[in-house]
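The data blocks that follow each hold one structure.
Two complexes, one shared chain (chain A), two partners (chain B, chain C).
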Partner chain A sequence: MSNAETPAPAPAGPPPVETLTIKVDGRTVQVPKTMPDWQGKPQATTMLQACALAGVDVPHYCYHPKLPIAGNCRMCLVEFGTPVMDPATRQPVKNEDGSVKIARSVLPYEPGTPRGAIGCATPISPGMEIYPNSPATKQMREAVLESLLINHPLDCPICDQAGECKLQEYSVQHGQATSQFVEAKVHKPKAVDLGPRIMLDDERCILCTRCIRFAKDIAGDDALGIVNRGSYNTIAAAPGMKFDNNYTLNTVDLCPVGALTSKDFRFKMRVWFLKETKSVCTSCATGCNITVGSREDTVHRYEPRENDAVNGPWMCDAGRLNYKWIHREDRLKHVLIRGQKSNWATALKELTAKLATVAAGSAAVIASARQTTEELYLLRQLAAKLGALTDSVPRTQQADRLLVSADRNPNSNGARVTGIATGELGARLPLIAAGIRAGTITTLIVFGEDVTQCGIGADLLARLELLVVSDILPNPTVAAAHYVLPGCAHVEKRGTFLNGKGRLQKFLKGVEAPGDTRPEWEFLHELVHAVTGRNGYTSMEGLFNQMAQDVPAFAGLEWAKLGDQGVTVSI
Partner chain B sequence: MAEQFKLVLKNADSPGYTPDMECYLKHGGYQALRKALATAPRDLPDGKKLSPQEVIRDDVKASGLRGRGGAGFSAGLKWSFVDRRSGKPIYLICNADESEPGTFKDRQILHKDPHQLIEGMVISCWANDVKLAYIYIRGEMPHGARILNQALREARAKGFLGKNILGVGYDLEIHVHRGAGAYICGEETGLIESLEGKRAYPRIKPPYFPAVLGLYMCPTIVNNVETLAAVKHIVEMGPVNYAKLGTPNNTGTRLVSLSGDVQKPGYFEIEVGKVTLGQLINDANFGGGLKPGRTLKAVIPGGSSSKVLKAGEVFKLKRKGADGQMTTVDVPLLDLPYDFDSLQAAGSMSGSGAIIVLDDSRSMVETLANLSEFYAHESCGQCTPCREGALWLAKGTHRLSHGEGRKVDAEYLLHIAQNIQGRTICAFGEAAAWPVLSFVKKFREEFEAHGAAAEAARKNSTSAGTHQH
Partner chain C sequence: MAFSVPASLEAELDELTTHYPVKRSASLMYLHALQEHFGFISPEAIAWTARKLDLQPINVYELVTFYPMFRQEPLGKTQIKVCRTLSCALAGSGALRDHYCKKLGLDPHKHVPQTTPDGKYTVEFVECLADCGNAPVVMVNDDLRGKVSLAEADRVLTQ
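Our next item is the complex of A and B:
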């Protein structure tokens, strides 16, 4: 043995975290001295954060980890104690049994009455004891809830928030069964048109100011504020202003009660009927994580799903409302051969035969960067067999400062890593157009794009011997197709998108596709198998894992490893 | 017989005194500022050396001056909390938002002797390295704002304010800022928000202690008008002589606003603790006694938010005997020395120095309904317990005082008030809760009788109605 064993270098882990030892609910816990604040900057750990680390939920309304602290709802008031310090020695005073003597916090002017502190803003200190379940803490919670409910309309039966309302949830957990309030309630404006997408019910509002803080500090649109005083306080848009930026609907998610509702969603569906499916937004290259809310194959809403590596807890209004086309009446629902209704078996059999005889170099493939990575991968397999030119179509618009990417395709990077496009999307489209014009390209396969919008007009399409089109909605390219293969919206299938920053994220199927439509990856896999002779997988998991072996960027990945929040790959 | 001691109002109340510069100078004005600016550094026994500014700060601490706004916190200690290492500017704000019901003492200074305040402010600013200061004056005092602005113009013209004050190379500007009529602007962090142009929502503490994160997130001192005026006298007299006024731990003089059922309501200046509540109410030099034929029912001793004291109450107070030992003595209400510590020991506070006297013609239920309506109207509504509780209290007391009460309302009101105090962002929660807690606890039988009478009346009208049919 000539090689002396060299000691392995110590793994470069994160620096050790400074911790404090405190007690939560009687249990000793070590918690970090600092934790990230709403902007990610380290700040002294709060009682609420410490309780969360100890597995104890401290109820709260105004506190939100991604918003500046307001401290106004007082729901997170908790009783606490601190070690008694000897003023002379500055050392903790001990009890007879040797334990540290703790002074419970009391009202300075009424030493018999416990005094709570708000968990969201009160930093922990060494030796502190937090009592999140003590009788005094529970009493404080009950009292705050009572205060919040006395002027609340209690109109849960017709409230859109019902079922996902913190006022309801905390009433069940911490509330009282009866009310002793015998006065007239305060009445406030209802159905206030706050902006094009937001409706406000001021009577339901608990004035937590989450919406105001979001508008000012996250969206950068200081449009909301409070008018009037005391119990008559009312959320309102600034005089003469509408609450209208591309992020307004996040306030509906943030609103812990039913005060802010989405004009798109209100009165449409009781939320407890909604099936929730983890998915990804397709409206741009950011790939905001979303939850699709659907019932019986109808999509009712998109909501952001928190992913700090991508979108935090937010998404833009445009992306959120970009689902209506899924249920359009004119969806392509049938397999068409030269305009005549047909079926998958016939179409795929004929296409297999035709594609098998295509001369090398006489075909081209244009595949949308809205298709899934798996579909793009399969199309690339097909193109390789045919010796076909491939490309995708760019969609570039203005980016914003928060989430919206200039690249409005969800999967441009997917098109790149699978080899459908190289570098700039659309660079080879003029070549394809020229090939058709010159008669060298006679077969064109188009997935998810209207190529008449990008330099390949109906006149050129008419010259083709074979035009195969898969799409979801009708367009001039579909109209010119010899074969129409109806595809699926992403909520109707599974797959992955590779976002602008190299985050590979999977999405799941929420609803069944209409008519004869089939997920593209499913029929492509059949076609590609038939044409190339390469064995395919009949499951998404198998297909993905095969792709991961072939595409260098995905080396070592498996479907099961993607998790709910995706993985970052090197692109 | 107890007498007034005029220090702060000495000039203002002398015949022919006017609020202009000429008159102020004739009465020795701005001499304290000259004295302060000429302060020599001081060597301490431990070898430390105090800068002239530190000497003034030390003197204010040594004088025992306690804040005259309401809390009675040591002014010198408050100054010592200021973060002087942040590298940010330090601001000083004079809180002239005098709006505690029953209080009308700061306006005596503002209207009659504005230069005294300005002199105290310039000294305080110099001692704290403040280059920019504000006087936040209550919106309802437009006349006071005009007088102050005129006085500031005069001070600038004379070189007491502005660039290079009195040639010592010190620059200071003072601006008057008028409020828009909200009680909450008197709360120091609410005041700061308002001064920043925002809704006067008090800030959460932690982290926004004004001494560290105050105006524009810079270290800030907020002092009451009377407190800043007293600084001038501390410099003039020296801290030792100032501390000889009043009583130990309750030094100096205080302006007292006396209102309600006395013959001679008005403002008085007393040595703190040298005059009793009874003397303030009854002596010819002060309130001149109750109205003919009336007996005392209650005293609200320190502004409308302080806890009411009931006629005949006897309090246990700790007193230092001749032998230096602390003993507990029984002190009847009217023998309470009017100072910070005695009123606190009696379970209330001297607050803003406003005494409201109630005689036996007053209904405690109606009085409380009046107070609660005020606090419901003035709650800023930021935090839940106060926002909802203050109006709830107002509605409950209104109902009770309008013949629609119930016997349980006494308990009901206590329940609501107990859930406000100690649970709110600022001390307004206490201000709204304490009148209720003290009125109902001390006059419980009156509240219950009110409720019982209303219940009986409702029962009678119901049975009478049944009978008719």
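Our next item is the complex of A and C:
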């Protein structure tokens, strides 16, 4: 993962980039001489990259900008030409009209036949001409595509990849309507259990080896390979071994066809029915950017959304599959006052009255670092008014070498910058527990945590005069609450998280929340306004902009400036 | 029976590894040696090779499945390789192999090496044995036989 910062205006301007002048489709373009390879190291710019810079898409299967180049699918073959050089003077030979004479690449033993080169692995040279739309290029693509489809089962109607399959897309753009192939197809293993989360259909595979390269070079688990030979080539793990690391599901995204499928998503939903919402993973402080796929208020999958400042194009399996809780049957769906169903108007009115009379210093707020920055900010306002102690709950586990952070809270830094927590999360929890035990703290407001797990047991909760709890799922703290305010999952609301490296990222709402639940920031806004008398915004945008004025780390920020990829702030 | 490579063989292979710029390059030689010793390449042999050469089992398994000369099951005591490349095919090697299959109770329609249940014979089609002038050619273990008639073929089985 590169640590690229947000494009900040460099004071002296970027260093001059050495460029080459070439022609793409007859248009003269200047392209950098080198471009970053899959590891970010500068390498000679390839024909494929040059075409992309010229706005021409060269179809490809095995090439992926974040994987080592393999050059095996041949789909990116393009016809090209280079200037003819005079052997004596080593200068380009000119045509009669003064233009540089170009020699089109041809077969050495058959000068009438154009010879393509693979765009992904052929470096450009000065004066080169690339013909990505020439008849010869088109013919080569048709032939490659036909060859790739020879043993493909064409079971698109029941294939999970249908709708986001490069075989389908390129067949539409570059394929032929009919196949000349009349022989029997080679049959290969189907429904191969490659690992706990991956199912492989070898007949659909086009042997691009993206999965092999990802496993070996990105995940560091050299578990996959190509076995057998010729038409019987098959992707496989070694017998008796499983493809099981925390990043296996990325191979499903990488697979340009329907060979690698997610056991979780397989046969569940046609992809074209999915609504895509830009969001952020909540499973750790890395804050991988994700796309939530949902249909009619049901989340069906998370997929990584490329952000080179955070997660590149990948995410871990644990984070990807961590969405089932959103639709759990036992979600808190009702406002409860001492265990009885109530409504928001009553609860907020009663709470306003009670909180207005709370003696200074007799309250405490424990707000999860899984709440959004805006919610933490509002809770901090409330705490300031009440003179309350505040804290969050730490979640520390083992980090890995790729993406998983040791901090499993998505917004620990959000809790820090808003002042809910200082430095080490949870440092003030013993103080709060002691205060409750001593009877000096009689009001406790808990958002998104089960405090019985962190030193404030049911016996202490029973001593409180007022226990206000907002959560998503039932737990012992919810059970002990005088007021239960049902909250929303991140995909049911908008907000921001500040990740472990200080990247402030927004996420959007994908699905409606169940029952009477409301986004916490909405009802907190009402409550905080009623208790503190402070207002000035009516929307998430307004709230964020207000927060940006109050929180020094966010100075100068606006909701609209966060974009899809977030911004890095100094923390 | 536990898989165990004799110390002498292991020492020989360790020495061999030093001849290559990278350990992985010795993979094929390991597999040849292990097949020579055990008669076939078992999953344990693959795992052992991978461990010795700092590879993953899949790296070795790819090789074993790529080359037809590597066996993953034990072969018969007598291996009968019938050439099916052009000269031999024209000279009737198809009928020759069918004959062997029929005699030994094997399926002539299966195009993979087949071993009799008693483990005595393995019959398989192979590509050119480089003796086209004497087609059809059959190799019995390491012994090459040319111009093999059906009667000659039978003699192999009775020897």
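Points to keep in mind about this one:
Note that in this section the second predicted complex is superposed on the first by the 559 of 571 C-alpha atoms of A that agree within 3 Å, B and C clash if a C-alpha of one lies under 4 Å from a C-alpha of the other, contacts with A are read in each partner's own complex, and residues count from 1 in each chain.
The definition used in the following text is that a contact is a pair of C-beta atoms (placed from the backbone, for glycine too) under 8 Å apart; a residue touches a chain by one contact, two chains touch by 3 or more.
Remember, predicted model here, so these are calculated numbers, not experimental data.
When both complexes are overlaid on chain A, the residue A:G71 reaches chain B alone and has no touch with chain C.
Residue contacts after overlaying the shared chain place A:G240 against chain C, while chain B stays out of touching range.
When the two complexes are overlaid on their common chain A, residue A:S231 makes contact with chain B while staying clear of chain C.
By the touch criterion stated above, A:D222 is placed in contact with chain C alone, chain B being left untouched.
Of the two partner chains placed around the shared chain by superposition, neither chain B nor chain C is touched by A:T422. For chain A, the partner with contacts to more residues, out of chain B and chain C, is B. In the superposition on chain A, contact of A:T113 is made with chain B only, not with chain C. Contacts of A:F181 after superposition: chain B is touched, whereas chain C is not reached. Shared-chain residue A:L148: touches chain B; no touch with chain C.
Counting contacts as defined above, chain A residues 225-226, 228-229 meet chain B in one complex and chain C in the other. The touching residues of chain C, counted against chain A in their complex, run 43, 46, 56-62, 65-66, 68. Residues 69-75, 77, 107, 109-110, 113, 115-116, 118, 121-123, 140, 143-144, 146-148, 150-151, 180-184, 186, 206-207, 225-226, 228-233 of chain A are the ones touching chain B in the complex. Listing the residues of chain B that touch chain A in their complex gives 182, 199, 201, 204, 206-207, 376-385, 387-392, 395-396, 399, 406, 412, 415, 419, 421-425, 430. Partner chain C is touched in their complex by these residues of chain A: 222-229, 236-241.
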